[in-house]
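Below, chain A partners chain B and then partners chain C, in two separate complexes.
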Partner chain A sequence: MAGIGKAIDEIHSLENLAERGTLLCRIHPLAKVLVTLWYLILVMSFDVRDISGLLGMAAYPVILMISGDISVRQALGRVRPILLTVCLIGAANPLFDRAPCLAVGSFTVTSGMLSMAALLLKAGFAVSASYILIASTTMEQICYALRKLHVPRVLVTVFLLIYRYLVLMLKEADRITQAYSLRSPGEKGIRKSAWGPLAGQMLLRSIDRANTVYESMTLRGFRGEFFLRGSFVPLWQSVCYGVLWGGVLLLFRLVPVFELAGRVFMP
Partner chain B sequence: MDVFIRIEDLRFCYHADRYVLDGISLTVSPGEAVGIIGANGVGKSTFLRILTGLLSGYEGKIEIAGRSLEKRNYGEIRRLLGYVFQDSDSQLFMNTVEEDVAFGPLSYGLSGGEAKERAAWALRKTHIEALAGRHIYRLSGGEKKLAAIAGILALQQDDGVILMDEPSASLDPANRENLIEVIKELRGAKLLASHDLDFIYDTCERTILLSGGKIAYDGDTKKLLRDRELLERNGLRLPLSFRFTGSVPHTESS
Partner chain C sequence: MHMADALVIPAVAGTMYIASAAAAGCSVKKVRLMDEPEKIPAMGVMGAFVFAAQMINFAIPGTGSSGHLCGGMLLTAVLGPWAGFLTMIGILLIQCLMFADGGLLALGCNIWNMAFYGCFAGGFLIWRPLMKRGITRKRIMAASVAACVVTLQMGAFSVVLETFFSGITELPFSVFAGVMQPIHLAIGLVEGVITAAVLCFVFEARPGMLWTGEAASAEREGRLSLRKTLVILTAAAAAIAGAVSLFASSLPDGLEWSMEKTAGTAELEAAGRAYEIAENVQGATAVLPDYGFSFSDSAAGTSVSGLIGGALVIGLCIVVCYALKFFRKGKS
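And now, the complex of A and B:
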C-alpha cells in the first residue's frame, strides 16, 4: 500500500526533474523528441550480433545524463522492471541458438549469447533515451512536440489524458487502500473477497474524477491544442542541438567506433 | 447590459418521471452576488452545471451575456463564465499553480506573455502570488480553492460570472475568511451554491432558495435568513451566528 504513495511520488519527482532549469531542460522539446526518435531508430537498426557497433551508442545516454545532471542510480532504479523483463525474454536466446561465434580462451561464445547481449543493450539504450526525454521534458511539452510533428490530435489528447488519469487512479487506489487498512487491523494486504468491490469502487471513483478533470479542461477552452510554456534557449541553439546529435549518432551508426579504437591500440 | 444571465422557465430532468428543476425563471445582473441554497438533492449543482453547458437537454431559455446557451456559443460563453468545482483537487491538472492559471488564456489563443500577465494578475487578485511556482499537489485545500478561482479569473478578468459549488466545503476558519474576502473583492457576478448559510450571508446580498425543483424564495439574504420557519420547512437551519444572537448579526457586510 505504501507502494502506491511511492509510485505517485515517483511521477511527481519526474515532473520536478523535467522542470529544473538545466540546459537540457531548456532545449526546445521538438529538438529533444526528434533526437530521441532518431536515436531509437538507429539503435534498433543494428544487427542482432553487432555488439561493438552498439556500444558506441552508449555515448548519447552517458553524455546527456552527465550534462543534464540526471542521477544514473535513480534512472537504473526506475527502469529496472523493464530491463528485468527484457532479460527474461532474452534468456531463451542462448538456449535455442547455440552456433559458436568466437572463443575467448576455452570459453565459446555462441550466437545466442551475442544476440541476447545485443537485445539487452538495445533495450537498455532505448529505455535510457526515453527516460532522459521524460526527465528533461514535461508531458505537456512532449505533447506539444508530437502535435508539431502532426501526430493526430486525438492520439496526443488520449496520451495526455492517460497520463493525467494515471495519477488520479493511483490517488484513488491510495485512498481506498488506506481506508481499508484502517478498518482491517492486523491484515497484511487485502483479502481476496474484498478485491472485487475495492477494484470496482476505485474504477468508478477514478472515472468520476477523470470526468471532472476533463470538464475542467473543456470549460477553460481546451480543444486538443498544446502550448509551449517555460523559458527555452534561443531557437538556433536548439537547432544546433538537433543537428549535432543527429550527425554524431549517424556517425556512430556508420562507423564502429569501438572496433576502430581496438585496432588503434591492438594493431 | 442590465442583465447578465436570463433564465426563463428552465426545466431539467435526469429521469423522465421527475423534474429536478421545474420552471426556474430569474435574472442576474453584472456584478451581483447571488446565493443558491436548498436541501441536499434539490438541484443546486445541477443548476450550475446547466449554466456551464456541462449538462445539456434542458427545456426553457437561457441567455448568458446576450448569447443563447447552445453548443455553438459555448466557446464565447465559457470565456465569460467560470465554474469552481466542489472538489478543487480534480479541477487543477497542470504541474504548477502558474501553469494551471495560465491554461485558460492560452487555450483561448493568448500569447505566452499575455497569458503570463493574466495569470500574475489573477494570482494577485486571489492573494496567492507567492504560490505561483508551487506544485499543485503541494497545496492545501484552501490554496487549491483559490488557485481554482484564479484560473477562472485569468480567463474572464472580472468581466463575467463565476459559479461556485460549495465553495466553503472542507475549509478551516482562516481559509474560509480568506475566501470570503477574495469573493467580496471580485467585481464580476457570482453564483454560489452552498449549504453554509453563514458563508452565504457573508458573501451574497441576494439569495435564491430552491425547493422541489422550484424557487421558494428569491430576494434579500438577510430577510430570508431571519425566516426560521421557511428555512426549516426546506430542510435548512438558521445560521449558527443567528441562532445565538436571535437576529442578523452586525458584521462589515451588513
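And now, the complex of A and C:
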C-alpha cells in the first residue's frame, strides 16, 4: 500500500520538475530524446572492462544535473533498485574471471572486478540519463517527440492515456487496499477469496470509465493529434544543443579523456 | 523481469528493437483494420488499470509472500492480443521513464520478453485454442495458468539469451538459465492463479467482455490471400538466395567446425563400394556442386545456386501443403 502512495508522489514530483521552466526544460523535446538515446548507445557500446573510457561519459549527467538544477540524491535513489539487479547478475564476474589486471599495493584487481565495476557504472549512467530526460520533459512533450519520430498515432495516444489515468487508477487502488486493510486488520495482502471480486470490480469500473472518457474526448474534438504547449528556446538553439552534445559524446567515446588527462600528470 | 540498459549491448538492443517494432507495426495495422475507435481509450484506461492493479499485493496462502496479476494475459483476454500488445508497450514505456523499471535502450528487449510472449504466445497458442469451444470457468483457469507459466518461461529464457549474447556476465549460460527458469515457474503459477480469479469474476459479471479468439470481419479482411503470401515469400526468398548468398561465409558451419575440432578434418574419409556408388550418383545429379557452377568459380554460380535452391524449397513446400490439404479433404 505504501508503494502506491510512493508511486503517486513520484509522478507528481517528476511533473513538477519538468514544468519548472529552466533552460533545459525549454529545449525542444525531440532534441532531448535523441541526445538521450545517443548517450545510451555510446555508453553501452564501451568494452566491459573499459572503466577509464566510461568515466569520461560522466560529463553528460554531471553537467546537465548541475545546469538543470536536478537533484543528484533523487537520481541516486532511482539507481538503487537497478543496481541491486545488476549486482546480482554481475556478481559472478569477479568469481569466474580472476585474471589479474593491476596491483594496488598488496591488493590485486582482477579482470572480473573491472567488468563488474563497469557494469555498475553503465547502469548508473543509463538511469541518470533517463532521469534527466523525464525531469526536464513533460509526458506530453515526449509524446510530441515520439510523433515527430513517426511512432504510430495509436501507440502514442494509448501511451498518453495510460499516463493520464495512471494517477486516477493508483488512487483508486490505494482507496481499495486501504478500505480492505481497515476491514481485515493483521492481514499482509488481499486474501484468496477476495482476489477476483476486488480486482474484477475495479476492472469493470475502468471499462465503464473508458467509454465515458472516449465520449467526452470525441465531443471535445480529440482526433489523436498532439500540440506542443509551453515556451521553448528558438529552434536553432535546440539544434545546437543536439549537435553539440552529439559531437562531444562521440568525442568522449572515441578519445579516452581520463587516460589522456592522467598522462599529462604522469608522462 | 525488466532488463536494465547495462545488461545489453547496442547490437542486441537494436535487434530486439527491430523485432518489437515489427510486432508493434503489425499490431497497429490490425487495430486500425478493426476500426473500433472506442477501443483506444479502453486500451489507455486498461493499461492504467493493469499498472495500478500490479501494485496491489495479493497474499499467497501458506507462504507469507504476495504476488500480482499477469498484465499481458489479462489485457489479451479483455482487449485481444493486438490491442493488448500495444497497451503493454505503453505500460513498459511508462515504467521505464517514470519508475526506472527497465532501461530505455533495453525497451525493445523488455517489450519482446514481456509483451510479445504474454500477448501473442499466450493469446494465440493457449487462450484461443482453449476458448474455441466456448468460455467456461475451468477453461479460463486452465488457460490463464498455462499461459502465464509458459509465457513467463519464454520471457525468462529470452532474458538469459539476451544477457548471454551481450556478453556482460561471466555467469555460465546453464547456471543463469538454471536460476532464472525455476524462479519464474513459481512466479508464473502464482500470477496465473490471480489472473484466473480476476477473469473468472469478469466472466460471471459480463460474459461478453472476454476475447474469444474469433477474428473480426475486418481482421479477416486484413489477412493476406494465399496468392499474395506466396508472391511475397517467393520474392523474399529470391532476394535472399540471389543477393545475400554472395556474402555467404566461407568459414566452416557448426557441424564442420565440431568435426574439425574432434577429428582434425571437416570432411571424413569414407571407403567402400557403397560410398563410391553414392558419390557417382550424387556427381551425376548435382546441378551446382558446392553451390557454384562445376565449370567456374564465379559469383554468378553462387547466386544461381541460391535461386535454384530457393525455388526448389518453395516448390517442395507448396507440394507438401497441397498434399496435406488433399489428405484433410479426404478425411472430412
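Some notes on this structure:
Keep this in mind: the second predicted complex is superposed on the first by the 213 of 267 C-alpha atoms of A that agree within 3 Å, B and C clash if a C-alpha of one lies under 4 Å from a C-alpha of the other, contacts with A are read in each partner's own complex, and residues count from 1 in each chain.
Basically, contacts are C-beta pairs under 8 Å (C-beta built on N, C-alpha and C of every residue); 3 or more make two chains touch, one makes a residue touch a chain.
These figures come from a predicted structure and were not determined experimentally.
In the superposition on chain A, A:7 contacts chain C only, with no contact to chain B.
By the touch criterion defined above, A:221 reaches chain B but does not reach chain C. In the superposed model, A:188 lies in contact with chain C only, and not with chain B. Of the two partner chains placed by superposition, chain B and chain C are both touched by A:168. Residue contacts after overlaying the shared chain place A:136 against neither chain B nor chain C. Contact with neither chain B nor chain C is seen for A:110 once the two complexes are overlaid on the shared chain.
After overlaying the two complexes on the shared chain, residue contacts for A:229 are found with chain B alone; chain C is out of touch.
Chain A is touched at more residues by one of its partners, and among chain B and chain C that partner is C.
Judged by the touch definition given at the top, the superposed model places A:238 against neither chain B nor chain C. Once chain A of one complex is fitted onto chain A of the other, the partner contacts of A:197 are limited to chain C, with no touch recorded for chain B. Counting contacts as defined above, chain A residues 164, 168, 209, 213, 217-218 meet chain B in one complex and chain C in the other. Residue ranges of chain A in contact with chain C, taken from their complex: 1, 3-4, 7, 10-11, 14, 36-37, 40-41, 43-45, 48, 78-79, 81-82, 85-86, 89-90, 92-93, 95-97, 112, 115, 119-120, 122-123, 126-127, 129-131, 133-134, 139, 142, 152, 154-155, 157-166, 168-170, 172-173, 176-177, 187-192, 195-204, 206-207, 209-211, 213-214, 217-218, 224. Considering their complex, residues 12, 15-16, 19, 138, 140, 164, 168, 209, 212-213, 215-223, 225, 227-229 of chain A touch chain B. Put simply, chain B touches chain A in their complex at residues 52, 54, 75, 78-79, 82-83, 85, 87, 90-96, 99, 102-104, 106-108, 112, 115, 135, 137, 151-152, 155. Residues 4-10, 13, 24-25, 28, 31-32, 37-38, 40-49, 51-53, 55-61, 64, 66, 69, 74, 78, 86-87, 89-91, 93-94, 96-101, 103-105, 163, 167-172, 175-176, 193-194, 197-198, 200-202, 205-206, 209 of chain C are the ones touching chain A in the complex.
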